[in-house]
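Chain naming follows the written order as A, B and C, and within any one chain the residues start at number 1.
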Amino acid sequence: MWQWFFKLSSPKWFYTISGQLMPWLATLTTLLLGVGLVWGLAFTPPDYQMGENYRIAYIHVPSAAIAMGCYYMMACMAAAFLIWRIKMADMIAKACAPVGMTFTALALFTGSVWGIPTWGTWWIWDARLTSTLIMLFLFIGVMALRSAYDSEAAGAKATAVLTLVGVVNVPIITYSVKWWNTLHQGASSLSLSNTAANPPQIWVPAFFVGFGLLGFYLIAIILRTRNEILMRERRTEWVDEILSASKSKGQGLS
Amino acid sequence: MLTVNNLYCERDERVLFQNLDFSVAEGEAWQIQGSNGSGKTTLLRILCGLNDEFTGEILWRGIEQRKARQDFNREVFYLGHAPAINKALTAKENLSWYCASRGLTNTDQIKTVLNSFNLYGYEDMPCYLMSAGQQRRVSLARMLLSQAMLWMLDEPFTALDKQGVLELEVLLSEHAKTGGSIILTTHHNLQMDYPLQSIDLDALAGLVAA
Amino acid sequence: MSIIKATLRRELLIAFRSPGDIINPLMFFVIAVSLFPLGVGADQAFLSEIAPGVVWVTALLAVMLSMDSLFRADYEDGSLEQLLLSPQPLYFIILAKVSSHWLVSGLPLVILAPVFASMLALPEGGMFPLVAGLLIGTPILTLLGAVGMALTVGLSRSGLLLSVLILPLYIPVLVFGTGIVNSALNSIDISGLLALLGAMLVLALCLAPLAIIAALRISVSL
């Protein structure tokens, strides 16, 4: 267990393993996304209530879930960095912020696009949209703080503290926004995520797209982390070898 | 008392020091030497626990400094570049909070110590009315109040007049003679009747291995 | 403990010797609240409807703007270094510092709030819930703001960054604070909501000082 932990915290090990894993992950992601999207967008029957509009939920629901999960992942990495001083954890946390922010933005965008035909307006203060918007603010805050520090090391620690403060708040924020929404009775009863009662031909493709997006998310995180590793370890011998090898081949990094 | 093993620190692609080993025993006075930007302040801040961007080991009485923080803080006094004096408060108010923060309740001492630093009559004057040298003396007064064994002083002679410099030199050698220890940085030519040991940071610097 | 007493004494002395730090956030609150009727019109019915939200949002912004005086001076004059090197439990020193800051910045807001709420035509029944909510809620805002301030005090241009960091974290307090007033006006029992806000305060009291200490260590190491 500890040995595994120790290995994982070594940038070189992460770089090697993730490099080997990448083709498999990429293939799997492409398959999942391809099958899921074609099936979901072209072959499943329209919803009796929302017609064709609901199909955007295939993107919206997973990206919202991934965005939320990304924050928690970032918080775990922040904790690992602060407690055990694992530099690798900070590199992953650093990769999480922009990726999570993009997924949050994607969830907001798809939610708005869905809102135009459904609610007649692209934005309503619905509990889910509102908490997603706040999530976006949290990601922006984390990124803003990191970039405000000149010192990489201090910025990393400060960001980790902020992330942990944020993660304690996330459930409270979500709960408060839900409660606020019931108090004001603003939103319509239609929601993109009430898919529980749907037949299998609707949720099976959702399953494919969901895992496909998850794969895409992991790829994005891994690629960003690998770049970060090369940046920070640029003075080590093994990175030097990789760089000179890729230069002599005259192509990008594998 | 304070043992440093294999200390390494880099900043902006530059090694400030590496393989730094030394040990400060009771009754020893150490001077950290080096040119501007050689990392004297950084080293002192690492030693006192304000900076943790280093690798290596710092032991306080055999225990890792981070784990012995409370004991360490009780026995170590740090004087930085900044005076650590709130200008809205008087000398006495500044020092009485300082005593409380060190867990010392005996505040009668404050007046005596201020007198010994030639600040008689200035106890109740707000610090913004004082000159830089006088403010420096208030900072230095903390050194005696702290009851610390090890004094870490970063440029303690700054802003002091000739008389003040002499007095401080006497204070330092008295502290060492009575079993206390000192680590200091200074560009001032020390005239102390006490043996000084030194760490030369210029010799330990280098470029980060490519 | 004597360190708590000494810290409270020191902070209050400093605050009363430089009263601008206390008065300016209050003036901000007063002026900002007065802007609303000018902006949205003086219709009493409409004003009374937005009164809880307006008072809470402005109070929240005033607390945030007051944060700058919490660690700034101590950071600049080096007192923060000495504080972090204190052998006394930092948790209590920080708690005393933040408490005294609330006493001079948060408490006056709570006391002033009813005056401005009644200028905004908040019905009688909303007064107690507003004040009770602010009394429990503003310490949470101060504690969270102190975390943000501790994270940014070492940065040169940190004013707007602070708001980006902590305003999202203020949302639950705002939601429940205004919710308490609105619930009371709709004759819903508010004891549960007050308890909830109280629980948030306890959580903040326990955890925020730890985050503040960690953040100050980072800021001082810059």
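Convention: contacts are C-beta pairs under 8 Å (C-beta built on N, C-alpha and C of every residue); 3 or more make two chains touch, one makes a residue touch a chain.
Small disclaimer: the values here were computed from a predicted structure and weren't measured.
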**Asked** Quick one: which chain's Cα centre is the longest way from subunit B's?
**Response** A
**Request:** Could you name the chain whose Cα mean is nearest to the mean of all protein Cα atoms here?
**Result:** C
**Asked** How big is the gap, in whole Å, between where the Cα atoms of subunit A centre and where those of subunit C centre?
**Response** 33
**Request:** Take the average of all CA coordinates in subunit B, do the same for subunit C, and state the distance between these two points in whole angstrom.
**Result:** 37
**Request:** Compute the distance, rounded to whole Å, between the mean C-alpha positions of subunit A and subunit B.
**Result:** 48
**Prompt:** Of all the residues in subunit B, which ones touch at least 2 other chains?
**Reply:** 53
**Complete:** Residue ranges of subunit C touching at least 2 other chains are 221
**Junction residues of subunit A - those touching two or more other chains** = none
**Prompt:** Which positions of subunit A touch subunit C when the two form their complex?
**Reply:** 82, 134, 137-138, 140-141, 144-145, 148-149, 151, 154, 157-158, 161-162, 164-166, 168-169, 172-173, 175-177, 179-180, 183
**Complete:** Listed in rising order, subunit C residues that touch subunit A in their complex are 144, 147, 151-152, 154-155, 158, 161, 164-165, 167-169, 171-172, 175-176, 179, 182-183, 200, 203, 207-208, 211, 214-215, 218-219, 221-222
**Asked** What residues of subunit B sit close enough to touch subunit C in their complex?
**Response** 45, 48-53, 70-71, 73-74, 76, 78, 80-89, 93, 96-98, 100-103, 105, 126, 142
**Residues of subunit C defined as touching subunit B within the complex** = 2-3, 5-7, 9-10, 13-14, 17-18, 73-74, 76-79, 81-88, 93, 217, 220-221
